[in-house]
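The structure follows.
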Amino acid sequence: MRITPEIRNILDWYESDNPGTKANLARILMEGRLGGTGKLVILPVDQGFEHGPARSFAPNPPAYDPRYHFELAVEAGLSAYAAPLGMIEAGAASYAGAIPTILKVNSSNSLATTKDQAVTGSVRDALRLGCAAIGFTIYPGSEYAFAQMEELRELSEEAKAVGLAVVVWSYPRGPLLDKAGETALDICAYAAHMAALSGAHIIKVKPPTDVVSLDAAKKTYESQHIDRSTLAKRVRHVVQSAFAGRRIVVFSGGEAKSLEGLYEEVRGLRDGGANGSIIGRNTFQRPKEEALAMLDRIIAIYQGKD
Amino acid sequence: MRITPEIRNILDWYESDNPGTKANLARILMEGRLGGTGKLVILPVDQGFEHGPARSFAPNPPAYDPRYHFELAVEAGLSAYAAPLGMIEAGAASYAGAIPTILKVNSSNSLATTKDQAVTGSVRDALRLGCAAIGFTIYPGSEYAFAQMEELRELSEEAKAVGLAVVVWSYPRGPLLDKAGETALDICAYAAHMAALSGAHIIKVKPPTDVVSLDAAKKTYESQHIDRSTLAKRVRHVVQSAFAGRRIVVFSGGEAKSLEGLYEEVRGLRDGGANGSIIGRNTFQRPKEEALAMLDRIIAIYQGKD
Amino acid sequence: MRITPEIRNILDWYESDNPGTKANLARILMEGRLGGTGKLVILPVDQGFEHGPARSFAPNPPAYDPRYHFELAVEAGLSAYAAPLGMIEAGAASYAGAIPTILKVNSSNSLATTKDQAVTGSVRDALRLGCAAIGFTIYPGSEYAFAQMEELRELSEEAKAVGLAVVVWSYPRGPLLDKAGETALDICAYAAHMAALSGAHIIKVKPPTDVVSLDAAKKTYESQHIDRSTLAKRVRHVVQSAFAGRRIVVFSGGEAKSLEGLYEEVRGLRDGGANGSIIGRNTFQRPKEEALAMLDRIIAIYQGKD
Amino acid sequence: MRITPEIRNILDWYESDNPGTKANLARILMEGRLGGTGKLVILPVDQGFEHGPARSFAPNPPAYDPRYHFELAVEAGLSAYAAPLGMIEAGAASYAGAIPTILKVNSSNSLATTKDQAVTGSVRDALRLGCAAIGFTIYPGSEYAFAQMEELRELSEEAKAVGLAVVVWSYPRGPLLDKAGETALDICAYAAHMAALSGAHIIKVKPPTDVVSLDAAKKTYESQHIDRSTLAKRVRHVVQSAFAGRRIVVFSGGEAKSLEGLYEEVRGLRDGGANGSIIGRNTFQRPKEEALAMLDRIIAIYQGKD
Amino acid sequence: MRITPEIRNILDWYESDNPGTKANLARILMEGRLGGTGKLVILPVDQGFEHGPARSFAPNPPAYDPRYHFELAVEAGLSAYAAPLGMIEAGAASYAGAIPTILKVNSSNSLATTKDQAVTGSVRDALRLGCAAIGFTIYPGSEYAFAQMEELRELSEEAKAVGLAVVVWSYPRGPLLDKAGETALDICAYAAHMAALSGAHIIKVKPPTDVVSLDAAKKTYESQHIDRSTLAKRVRHVVQSAFAGRRIVVFSGGEAKSLEGLYEEVRGLRDGGANGSIIGRNTFQRPKEEALAMLDRIIAIYQGKD
């Protein structure tokens, strides 16, 4: 399978990585209907851990079965599927080779007393399960951010040595951030930058609003005339903050909204230069046919056809 | 011993596990009077650690002797016997090959200053003692939940590599949960789901009440019309939460009650699709003959004869 | 499954072994139609390595498929199935829990330039494949015997620490032994004794003839009136040489002969106190129905019914 | 990428392997123009080590450049590319993700004083270079065969644990074998069988002639009427010897011959049920356009179009 | 210090190496008076180990002092200095940062009973001494060649992981090679190729004569019209054999000869595309001023000024 020039160009960004890691990035970037374009759509299913099974799967009961998500990702022609250990174990053999998988190696839950996460998977798990990458969440701003970054560092070093890629969910939260702050433009850009600085190959952040949260940052955003008037412009700033666009940045689905609102948001992401979307609840909480239709539209948007 | 189609089907759920782990699961599932049916009854004796010897064994003094429990499990035709290190060491040679054993590798106690557990057994212990599985308790919701999940992850990876099965006691507790919350339907389902996500082969939870505890979950349970009117329906929801029933889920004995109440509860578990019961105090705190009679009835219920 | 007194008695011989090893011995001894009697019939399929595939399987082509042998062992109600790595890997998941397996961890072949064997499996392989034991061949008398005994020692120590049993094929050969010597009574007895001294739990030797091979031994056999007039008496001497019968001794099928000759031989083994037979080519080179009929007779002989 | 039923069926043969190994086998089997058919053509370039650079590459000087071979494999739509460490290192980043690679981890050379090989690559090398498998040569029949099998065992266990596949070149040679013996039917079948017993996932042997080499085997080949009248029938016997066709068997190019002779041979391999060809010198010693035309024909033959 | 395009191009050859290894290669390639040209001259001082101190240093007694060689290399503006452990330890602090060093990690000596080498340095030594590379000698053709390649493999994997470069002295010798054979064109080309296949970054071979040594190779050299009429043409063939010139190849000084003869040889190396010279005895056995003058001429030749 010849790698397209677009993907060769992206792989060149990761110049310090070994060929194993590049090959796994290539597998993700060449997979599915967006394969070869440099755009990607990833299906993440860690909602069960975060919010419990009923809140995650009751709206579409077939989704209780882990195989449903593998099937959905393959059928929709997505780029990769990300989930915690048990979810991957429950389908990794049946779907061996069918879709690149990302082992989400830490997870939080709604019963937790602290805004931290538990490490629930290992690099060795990722290898034995045939995963292309590990996924790890950091909460910049939380009391646990430093400890999380240190866990990430260890797992990431180990993963890179054996040719795996590293995907970082960078979700700011903590005492200095109110709800609006968590998705503020300066904070999203900062979150993407910290993930890049921590050595992430693929960075997941939330779509930024036009808020600027940190007082210390406001002056810069004003004086430098950083345009935050449209989502596309804000996304461009976040992507720029990830090494001038030389790291893959994907965005989560954002706030609940109508389908048209979602498509409009994806157009904004695309126009801002995002590499793609990582979209969970919006996907698996709909009946499969609706989910496939929605993903078809999102893919069409990234293909520039919509 | 030919494996029955029911058990072959269950083993297929564990598609990422090596044949060693599958063989140990098969040993448990083919053992005893329920062997081959896909149902199982496990005898757990970790009460001594949890509540002290007198509270555990004084009601039936022969139970002070660890061999009593091996004998009881064998005589009753149960599926497996689970206990901490010392209890297993005290009978493992006498009962070698007579009953699959589960080494409970962490334990709490009533003198503890924290709601945590100590790791008191190892995978190597499990191998030298001929155990089929390790058992591990997590307390989702406690301040120690993340640390426990990380201990589980390490022990579990090690156990799976050498062909052992992993049984997880998932017992929610902690600051966000009141007494009613610990057995609430949403919490039990969540506990089962988190154990499954952590890679458990067999999951032990408590029978759920019709309470929904988390505010964030109430809307879902209402809007999705999750039926919690009978124990059977609630159990079905918990089982569904364990990968659409593709993980073995067993239930503890629940609140103290009359024998008839217990049988009625077991009927509910059975009708809800539970894989079985794990029942300790109710068993070993009775005189042996009564315990055997009771287990006989429970087995008959799982056989659909009662 | 209650262990029978006969098996409890046998397990007591292995008083220095941990419960894991005892449990695995119990699994073998309680399995199949001879389960619980202290007698056993094992199916070994290492002929392909030793003599090549056509000489092994062409007489009964279904036997080219590794699953055939698992199936045969289960269907005939045998005690265990022994084979090299690839053969076990090819069926261990399908037959997980259905029959105790013995991973033959060294093997020779007909193209070899030396009368040695290669180590082709490990204790870790045995664990991940769910085996009850490892099997190892030594050639007492060969130039490689000391090296083989040292390999056995290492593998055996490792196996015992993780609760596996150790089966030793003790096949004398080498410069001091002519063809007749290899099955001479003194040599078979010596071979069994060396295996026992090396720490074997189960010892496989060939049925002894009435020859006494070593000059140094002849005087003793004469002066001590060691009766070698019948196979039963010779077998009794071999069994006695394995720690006064306190180690399990099984015998291979011996020279090609008629079925009636084979049954007569098995009667001799039984009457001499052998624990059983380990019988390969005679089994899998016949059409399955004939093999099952033959094994049925052999089992009947060990049950004392024939 | 949905795995085809043909490949799913093949993956089921490897029931004891983890999903990582299955995924890597799937990658090879789904790659290139034969992807999904269960047939495969592999390009091996270890000739430089075996015969020196001039004898390997002077007939087609662009082939001195390691990138040439990656390019050729991709352009021809082959299934995988196999080479020693330096060759893989020289192109693994440029072709990351473009073609599954097999790291040949041992190699011989024409200056060697013994018929052995040196281990020149590791499992860790394979991971950092993004390889799908390791490749290892054994010489059954040589004085080094046992040592090689033991090296294979160690590397193989390590590779399987981290989700790599294992390809074994099984090339009989040694004091008991004359030139005709090395490709005799009984010897090729035996070589394939020993590789399977050693735990290989993919087995490479030479096309068998109608010679039967071992005296001990001649009687069987006669009495069992093993048909060796055509290449197809001989190949069928070799494939049968690899676990009744439940291991992937590929054949090398055999003796130098005309192109038509080569195509005729490939038709024989195909008709005999071979999984494919592994064809080096015949490929890279021709000008690229000729090589592509030749590979196009070979692929067409495996597609049943020629 | 901006890396020149020539060096950037060379670093691109090493596409699977990490930036640490690339940086160390860059340090050597940018050092001294040839820095940035892609040419290099290395001073190796392992003569003392090979031939004893008097034969090595008595002709120029200041050379007994290890600091002399550091000083000479710096003063002459060379690219790197290579020596065994003790020699490096004796000057590494004084000349820290002054000249890239190559720790020669194996060595032979004239008292040796076998044509092997001892490993006398480690990767950790190289790090603590600030070396840019390790150096290792293999003797293709010797009885120890396979063992040496395996030692190289281990050291090389370790060195690359910590960002060191690997220099391989590939010196054919052994039973199949007479004196003429050791420097025959086919053998030198083969030696360079085997070093490249083993993963070397820099390869040292001897200047080839016009002899073709291996009978099996003669036909190719004739039929392919490989021109061996001048040293330049022969060198070109050797360089081509090192991955079409995509590995750095340096040549030793060859047979004793006049200064003019030496310069003429270096012109041949240069014209054939060699990357440079590695020249020991000819250097340090002269008075320093003479050595500096000689090196000045050699550098001028590589600069194309002579």
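As written, the chain order gives the labels A, B, C, D and E, with residue 1 at the start of each chain.
The rule we apply is simple: a contact is a pair of C-beta atoms (placed from the backbone, for glycine too) under 8 Å apart; a residue touches a chain by one contact, two chains touch by 3 or more.
The UniProt protein names, listed by chain, are A, B, C, D, E = fructose-bisphosphate aldolase.
This is a predicted model, so every value here is computed, not measured.
Participant: Touching both subunit B and subunit C, which chains are there?
Facilitator: D
Participant: At the subunit D/subunit E interface, shared numbers over all numbers used: above half (same) or below half (different)?
Facilitator: Counting shared over all numbers used gives less than one half: different.
Participant: To bring subunit A onto subunit B by a C-alpha fit, how many degrees must it turn, rounded to the nearest 5?
Facilitator: For the C-alpha superposition of subunit A onto subunit B, the angle is 70 degrees.
Participant: Have a look at A-D versus A-E and report the one with more C-beta pairs in contact.
Facilitator: Here the pair linked by more C-beta pairs in contact is A-D.
Participant: Identify the chain whose mean C-alpha position lies nearest to the mean of all protein C-alpha atoms shown.
Facilitator: D
Participant: Between subunit D and subunit E, what is the separation of their C-alpha centroids in Å?
Facilitator: Spacing between the chain centres: roughly 36 Å.
Participant: What is the distance, in whole Å, between the centres of subunit A and subunit E, each centre taken as the mean of its C-alpha atoms?
Facilitator: Measuring from centre to centre gives 48 Å for this pair.
Participant: CA centre of subunit A versus CA centre of subunit D: separation in Å?
Facilitator: Each chain reduced to its C-alpha mean, subunit A and subunit D end up 39 Å apart.
Participant: With chain centres defined as C-alpha means, what is the inter-centre distance between subunit C and subunit E in Å?
Facilitator: 58
Participant: If a residue has to touch 2 or more other chains to count, which residues of subunit A qualify?
Facilitator: 18-19, 92-93, 124, 128-129, 161
Participant: Draw the chains as points, connect those that touch, then say whether the picture is a line, ring, star, complete or other.
Facilitator: Shape of the chain contacts: other, as it matches none of the listed patterns.
Participant: Quick one: which chain pairs are touching?
Facilitator: Every pair of chains in contact is listed here: A-B, A-D, A-E, B-C, B-D, C-D, D-E.
Participant: What residues of subunit D sit close enough to touch subunit C in their complex?
Facilitator: By the definition above, subunit D touches subunit C via 13-17, 140-143, 145-147, 149-150, 153, 157, 172, 174-177, 186-187, 189-190, 192-194, 196-200, 214, 216-217, 220-221, 224, 226, 237, 240-241, 243-244, 246-247.
Participant: Along subunit D, where are the residues that touch subunit E in the complex?
Facilitator: By the definition above, subunit D touches subunit E via 48-49, 51-55, 58-59, 61-62, 64-66, 84-94, 107, 109-114, 116-122, 124-125, 128-129.
Participant: Can you check the complex and tell me which residues of subunit B touch subunit D?
Facilitator: 15-16, 18-19, 161
Participant: Any idea which subunit A residues touch subunit D in the complex?
Facilitator: The contact residues of subunit A facing subunit D are 1-3, 7, 11, 18-27, 29-32, 74, 92-93, 95-99, 124, 127-131, 161-163.
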